[in-house]
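You will see chain A twice below: alongside chain B first, and alongside chain C after that.
Showing the complex of A and B:
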């Protein structure tokens, strides 16, 4: 049991170092929130002179902006311990509020996408391993490689163009239509699904091939294992051999990838969410970067690193259950 | 006489040829082999690595792995089942129920993520409609027969058993459906001498207790003497000699068999100097013409290079494939 304490401690340390590191990295970006805000004020005509803009911007910036960096860092860390992630510089709302509001949308879209691409990929990969050496397999692998090479934001642009402009079947923006009332009613749910479908499709179409190729490679190896030949000799049904023998043994490495993806699920994709103007974490990531919104960026990175590190921990723990050869403490 | 022999055999292998067909070359791993496995006998098949033993064994289950293919011949089980013309479903029912096999390297024969007991259980359940209780009882009876502790073994994952234990668990698994023929491919290779001895004593036990034909594939002649009634010697994918065990040891007729016997310490005769067979094992991609043994054969004549010899009955129940068996 000592192993688990050690593992948790390690996870906490990793989170701490990630927070400190991102704190400095974010400040290494060219420009700063002040400059960005001043330019915005001038361009939008809300301030007539540069001096006026600077004056107004100053009043909006967090109080400790001029403190030395190490002092800002300590303030920030103390804030985290109090559960205070600070306020966004660009929208003046508390960072935690932004996360709570946008996270469900991202998690909804990403989890649907992950579940779909993982299932499709796994089944397809197993089929391909079984059809080794056939023309079907050759074509599929080539097609999968191409699909896997397309970035999800390119796919998103393509889908956006095709299905909201050329054939306007799907809504262009948002998470649900303004005509429905949020809540547990059919109209709302349908509207949410309708809005989420294209973002989900962008992820699925670019991700499933990776899963498929991964499990195909694994399954090709497993198919050559003695225990599969023995299972055939034992007269087991083909379906049983595919699931319990080839499937279970080739899915083991995939499983680690799946749990890790669950960690990244909370980040969303800045580009894809921006294309569909989807109110998730990713879009806030994008806007926080362009506004040099330090507190918001830090908050989002903090959230993402916690989920990724916890997912790692979870993968380690669960692995001992699905592979009997792995023991805790080894 | 031949009818009587047919009646006594459980599995007739007739002119089986297995080829591994690669892009532009094909290798006959098993070449025109005919042999009958008799009821309740233990048949040893002896040959060096690459002589085609395992391929022959796999073809008995019609399980030759791709790119291998049985390209000609007939497999007749129990005088009525034409194994090569069975449908997939019939073949599935045939495997393990009639012919079971303990594979070489049983160490890797079990699925690493399933418990031994579950793998044994599914073997029964996929073939028979019996209650789980009944199946479990049968499993623990067989595990006891191979001298394993039933409860602990059934709960174990493969990696929790030693090599010898896995081998015994595999033998128990092979006996689950009470098959008519049990093939054992190098059942003692990769085990230490103590485990080897132990496995052999279990096997001779089984032979006495069960009504089963055993086919023992090995490169180790010493193992045969403990277990086997008849021996077939394979060379380059062919059977070159078949005879009763004592007959073969005392009066080998094929020069290759003679060489084999001279190359191992004698079990029945006097102690004498060991002599290796000259030359190297045949290159299966590029076999010599005529008799494939002729380049290594001290008795080879011109005819051996031109003409391939076929099995002839040299004395009662003693067959040999050599042009010069009368002289040597």
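Showing the complex of A and C:
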């Protein structure tokens, strides 16, 4: 059990490190965030004089920039513990509120994409392993390799271009149409699905090949095992051999991969979401970078890192329970 | 290189179709990037009489939103694209290998420190980190961009090399070197490193694939001000700046950079898989 404590300690250390890193990243930025703030207040007409702008900026910034650095760091850490991540410079809404609003959209799209690509990929990979050496297999593997090589944002751009502009079948932007009322009604659900389909497809079309090739490689080694030969000799049906004998014994690494992907589910792709103007975490992340919205950037980056760290921890812990052969530690 | 070795490499390539196709694609891109700019001039002056001109003999890929020849942009862009990913790949491999070698061979407190560092770096999401760094640093220098792109990709390699070193350092010839009184650093870089070279070479290719993915992304969302003809920048202009995606007769302009990005990525992936097959025959 000792390694569990070590592993949890490492996760906490990583979180602490990331918090400190994001804190210093903001400090190191060219152009003091405070000045950016003040400029922005004056330019947007939210403050009439420079003094007023500085006053307002101070009240909006999570930290007092005149304090010594160590005190700012402690204030920042305490703020995070209270769930206070400061306010966005561009929209003046609390960062935590933006995260709460955008996270469900990202998790919705990413989890649908993950579930779809995982199931399609795993089934396809098993079939390919069983059809080893056939033309069908060779052709499919070549096609999968090419699909897997396409960056997901390029796929998103292609789908966006093809199906919202060249053939305007799907809506161009947003998570649902402005004509429907959010809530549990058929029109809303249909509209949400219609808006999410292309982003989901962008992930699925580029990700499923990775799952397929992964389990195919694993299953190829299992297929050489004696018990598979025996099962064939016993005259068991092909579908039964594929699922019960080969599938079960080659799915473990897939599950580890699946759990690790859960961490990235909370991030979404800044590029894919921007292309479809989908109001998720990734889209806010991309716009925070271009708008130099430091508090928002800091908060989102922190959220992204912590979810990945926790998912990694979960993957490591679960793995020992799924596969008793594994003794974690080096 | 001796004639024999060249012949050997060619035989291997012909036998492994993925490596063959991949290497042909990569070589064509390298030729395009190195020789292309000498043959095709890049004239960025606007020519408003040929805005979005369709593909023709004079302009094989047509013209862009201010009438610049797209093929010349693609050719000059290839230099930027390849230079950046090459530098990023080298940096990733150098940092990753050195960290992994030292961590694995020295063990003890050095290993504890380096390995914890690697673990922490691995938990920071890659693309968001690269985007944030690129947004902050705003550099045009290819080496700095390479460093940004390597921000956490080196850690994967460091971890893999470390575990390889663990198994190598127990072998007899290492014991022999030790008994002869050869220094630790000499053993690491003289005895262990050469054995790992093929492995490091394969990982160089993987690092380049990753760097291509991330670098095109950076130019595409417009956080880096490096080049006007990088393919990612071309996409950025087509998508966000010029509004070309909404112009029905500008399709060639939107599609051209996409095709070249995908082709290069496919070439690199095929080549890296093929090379992996050759060096790891048990994977077949």
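For the reader, a short list of remarks on this structure follows.
One rule holds for everything that comes next: the second predicted complex is superposed on the first by the 261 of 330 C-alpha atoms of A that agree within 3 Å, B and C clash if a C-alpha of one lies under 4 Å from a C-alpha of the other, contacts with A are read in each partner's own complex, and residues count from 1 in each chain.
Convention: a contact is a pair of C-beta atoms (placed from the backbone, for glycine too) under 8 Å apart; a residue touches a chain by one contact, two chains touch by 3 or more.
The structure displayed is predicted, hence computed values, not measured ones.
Of the two partner chains placed around the shared chain by superposition, neither chain B nor chain C is touched by A:122. Legend: residue contacts after superposition of the two complexes on their common chain; A:202 is shown touching neither chain B nor chain C. In the superposed model, A:248 makes contact with chain B only, not with chain C. In the superposition on chain A, the chain among chain B and chain C reaching more residues of chain A is C.
Looking at the shared chain after the overlay, A:232 reaches chain B, while chain C stays out of its contact range.
Contacts of A:240 after superposition: chain B is touched, whereas chain C is not reached. When the two complexes are overlaid on their common chain A, residue A:217 makes contact with chain C while staying clear of chain B. Of the two partner chains placed by superposition, A:90 touches none, neither chain B nor chain C. If you check the complex, the residues on chain A that touch chain C are 10-11, 13-14, 17-18, 21, 25, 28-30, 145-146, 148-151, 153-154, 157-158, 161, 165-166, 217, 264, 267, 269-271, 274-275, 285-286, 289-290, 292, 297, 300-301, 304-305, 308-309, 312, 330. Those residues of chain B that touch chain A in the complex are listed here as 61, 63, 65, 88, 92-97, 100-101, 103, 105, 108-114, 122-123, 126-127, 157, 159, 173.
Only residues 225-227, 229-238, 240, 244-245, 248-249, 252, 322-325 of chain A touch chain B when the two sit together in their complex. Taken together, the chain C residues at the contact with chain A in this complex read 18, 116, 119-120, 122-125, 127-129, 131-132, 135-136, 138, 163, 166, 209, 213, 216-217, 220-223, 235, 239, 245-246, 251, 254, 258, 261-262, 265-266, 268-270, 273, 283.
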